[in-house]
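For reference, chains read A, B and C in written order, and residue numbers begin at 1 within each chain.
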Amino acid sequence: MIFHTPILTLLLVSALAALVAVWSAGFGISVLRHWDLSSGARGQLLLERRTELVSTLFALVMAAEAAALFLFVFNADRMAALFVGAMCAVGTLNANGYGFPALYGQIASFFAAAVWLVLDHVDRLGRDYPLTRVKYAAVLVIAPLVLLTGALQLAYFLNLRSDIITSCCSKLFTPANAGISDEMAAVDPALALAALALAGGLVLASGVQALRTGRGHGLFALAGAGYFGAALLAMVSTIALYVYENPNHHCPFCILKPDYGYIGYAFYLPLFGATALALGLGAVSPFTARNSLRTPLPAVMRRLTLWALAGFAAYGAVTVWVIARSNLILFG
Amino acid sequence: MTALNRHRALLDFTVAALARRRVKTLALVAVFAAVVFLLASAMFFAASLRREAEATLAGAPDLIVQSLSLGRQTMIGAEAVPQLAAIRGVTGVEGRLWGYFYDRINGANYTVMVPDTAAMMPPPGQVILGEAVPRLRDFKWQGTPLFLSRREGDLVRFDIARTLGTETALLSADLILMNEADFRSFFNVPAGQFTDLAVSVRNPRELSTVVAKATIRLPEARFVTRADIARTYQKLFDWREGVMVALAFVALLAFAIFAADKASGLSAEEAREIGILKAIGWDTRDVIAMKLWEGGLISGGAFLLGTVLAYAHVFWAGAPLFAPLLKGWAVIYPEFRLTPAIDALQLGTLFLLTTLPYAAATVVPVWRSAAADPDAVMR
Amino acid sequence: MITLHGVSKTYNEGRPNEVTALRGIDLAIAPGVTVLMGPSGSGKTTLLSLVGCMARPTTGRITLAGEVISSLPERFLTDLRRRRFGFVFQRFNLIRGLSVLENVVLPAAPLGAPRAEVEARALSRLEALGLAGKARMPVEVLSGGETQRAAIARALVNDAPVLIADEPTANLDTALAHRFLDIVAGLRAEGKTVILTSHDPRIISAAPVTAVVELRDGAILQVRS
């Protein structure tokens, strides 16, 4: 199953990401050991210049991981035709035990890279690069995650086997339940929408608080993570039903298909972007008191908070629009 | 606003720099576009074959029942028809007659069939031909009869009722449609024997139940569902596309190495320019951003050019470069227009496959040149 | 006001080709026109690049308007440099193939000012330097003096308060050298600080010069003002 163009592409992305991760980790160790801004030595200057390369590489990796995330789901959806019983991406991902873990790893890698880029951006605001050590310690955590994701993906694709007709001509089975989404799908729509609204309220409150006082971004990040969870829950249990106008179709992936006007992108792009920003702000929040960051940081955090709020709001707005437009009636 | 202006200014410089090295830039884009063209052609071609096969299969029966003997397919007796028809949910069972005929005159293999619809049924003594057959036989004028020879000294004449169009040519190019009586006498098939049985089922969800019941009644038979055939085609195409893409991928890799080499072996002129930019106040980041714009313009241009050329090659010209490799399941190549089948997955994959290796290959050399000492031009 | 305390600069530390270009420099550069002079190899270009935030000293402290800049990361040093200093190099270093105007606006690119504003600034500078008519021409057609004036226009496009010039008259005949000194006098009148390196007696004795720093073997021999 490796000889499949999107799979080759995905493997290429993970291979490059793994390469960057390993190299950055090695470089991170030397930063942790030798970083000394007060030194005028050439070695320090070269170290500094090398951080520019790492920042560029991480930005590239994050962009590629984000694209790969969608490609992964998109490809799983199209490959459904190859698996007996698979109707869409869920079936393909369930074709072996590595599918969903690989997806989760991909999401986690994306968020990790995004959080790191926010740290990087903030670090470079301070004239003494106050977060450099934190940043490179974080690389040491992110690198294994990226490697693990790549390994899961490779295992997933290597273990994909579909039966050919000659060996299973009469052994057909009906589409099995997706299993993983069972519990999420079973949540009462009213409850799920209430949870989403509540999470939205918390995000708004903590976001406005952070904007007004310039503090409490940690709380905002927590609220953002909560919103992310609530948004996915609401998607599977309720929103998807409205999109498909079918009370039994819970799939969170099919909404990315052209059949539904690619509406899924209007949901997921703002949601993932906003969550990444919120998590990044949370990661930065312990360092706001650093001397060199006092002047430049508040404006940046304000801007990022506004962007994150806009992203969360966009998800909510698309939800309301979809429900209002749908011919499906779940309530009343 | 500031960031936007900055990028605009960097882009301006990049465009001016590329325009100054016009010949070099165009040569690079052309080579790159050729690689993209190969890759895109393979992908478009396979996707459109897949679409073609899907369209053909949409009209295939829900379930095909074959008789097996010694593990090989043999003729199936008509007595199976009522057995299958008696299963609940089965709406119809048709006996099908089809086979292959080796044409000694030109070495081609024809598929000979009795059509399942009355509209396609030719009158006795006549045949309906697929698009490729008259072409292979080099029929010069309308009304030329088709002579088929089963053995030395044997010659059977058929008049041609009509010739099929090219829409579903992939599966029908080598087709000869015959009347049932003609078919039985031509191939010596006794009455009551069929090649296989086509079963239609009311509700596709009941198919597996129907197959389970049928397996009990006809333990020797083999059951092939439409989905099974679709899967086999899909895999066949995917595999071939994969091999093609793997080949194109090697080309891409070669190009990436070439690009990396080119980017690291900066000409003295370019290195001097970067030195000047750094000296007059450009930061390492500014130079990297400028160079990434350059890479983006080059790979974006190659992506556009390669994709458009591949589209023209596959869908307008009929993919003359690949046809023998990818079709290759029959001796006869159908002559047909491929239906354009492009989706976001393909384009997204192609875009990533194009831009990522180039970016990956050039980023380190770019950084290396951007990290030059700003005071170097003063020494 | 730029001050240096115990500044030294060593190239290729720890390698066989290690060179100490400057040792123990203490110096204060006041507004006006300062000339760094000395034979080649005396360290004046290195001093110029340290003063102009192009490089960091190996040891010692440099302050600019009271702020210590010697231990700033390169990025901030660059940012300071492009806002505070304009550079004219000995070989002028215009980029061939671009027009005069395109060359002049280059230092403004990373700062993200609107293009129309930058071009207006560049054109008025070129006009003041008598190059308005050649703004759209490729730099290759310029004469030696014109090339230098284009380089000066480029150095001033960000309205930097300090102009730094390395051996500005080395490639010029006497008439052009005087023209350059006129420009320097004009800049001084605008309130700009000018720092030059030179071993040209025409410059050292010229009217607008306010201070001369004499260097020998990486150390200061004497300072005259």
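The working rule: contacts are C-beta pairs under 8 Å (C-beta built on N, C-alpha and C of every residue); 3 or more make two chains touch, one makes a residue touch a chain.
Here the structure is a predicted model, which is why all the values come from computation and not from measurement.
**Student:** If you average all the Cα positions, which chain's own average lands nearest?
**Tutor:** A
**Student:** Return the chain pair with more inter-chain C-beta contacts, choosing between B-C and A-C.
**Tutor:** B-C
**Student:** Quick check: how many Å separate the C-alpha centres of chain A and chain B?
**Tutor:** Averaging C-alpha atoms per chain gives centres 33 Å apart.
**Student:** What whole-Å value do you get for the distance between chain B and chain C if each is reduced to the mean of its CA atoms?
**Tutor:** Chain centres of chain B and chain C, defined by C-alpha means, are spaced 63 Å apart.
**Student:** Would you mind pulling out the distance in Å between where the CA atoms of chain A average out and where those of chain C do?
**Tutor:** Taking the mean C-alpha position of each chain, the two centres sit 49 Å apart.
**Student:** Counting only residues that touch at least 2 other chains, which ones in chain C make the list?
**Tutor:** 74-75
**Student:** Specify, in ascending order, the residues of chain A that touch 2 or more different other chains.
**Tutor:** 49
**Student:** Counting only residues that touch at least two other chains, what does the list for chain B look like?
**Tutor:** Residues 284-285 of chain B touch two or more partner chains.
**Student:** Mind listing the chain C positions that touch chain B in their complex?
**Tutor:** Touching chain B from chain C are residues 45, 48-49, 54-55, 74-75, 78-79, 81-82, 87, 89-91, 93-98, 102, 105-115, 118, 154-155, 158, 166.
**Student:** Please output the residues of chain A touching chain B within their complex, sorted ascending.
**Tutor:** 2-6, 8-9, 12-13, 16, 49-50, 52-53, 56-57, 60, 64, 67-68, 70-71, 74-75, 78, 81-82, 84, 162, 164-165, 168-170, 172-174, 258, 262
**Student:** What residues of chain A sit close enough to touch chain C in their complex?
**Tutor:** 37-38, 40-42, 45, 48-49, 124, 127-129
**Student:** Once bound in the complex, which stretches of chain C touch chain A?
**Tutor:** 12-13, 56-59, 70-76
**Student:** Given the complex with chain C, which residues does chain B contribute to the contact?
**Tutor:** It comes out as residues 1-6, 8-10, 12-13, 16, 20, 269, 272-273, 276-277, 279-286, 373-375, 377-379.
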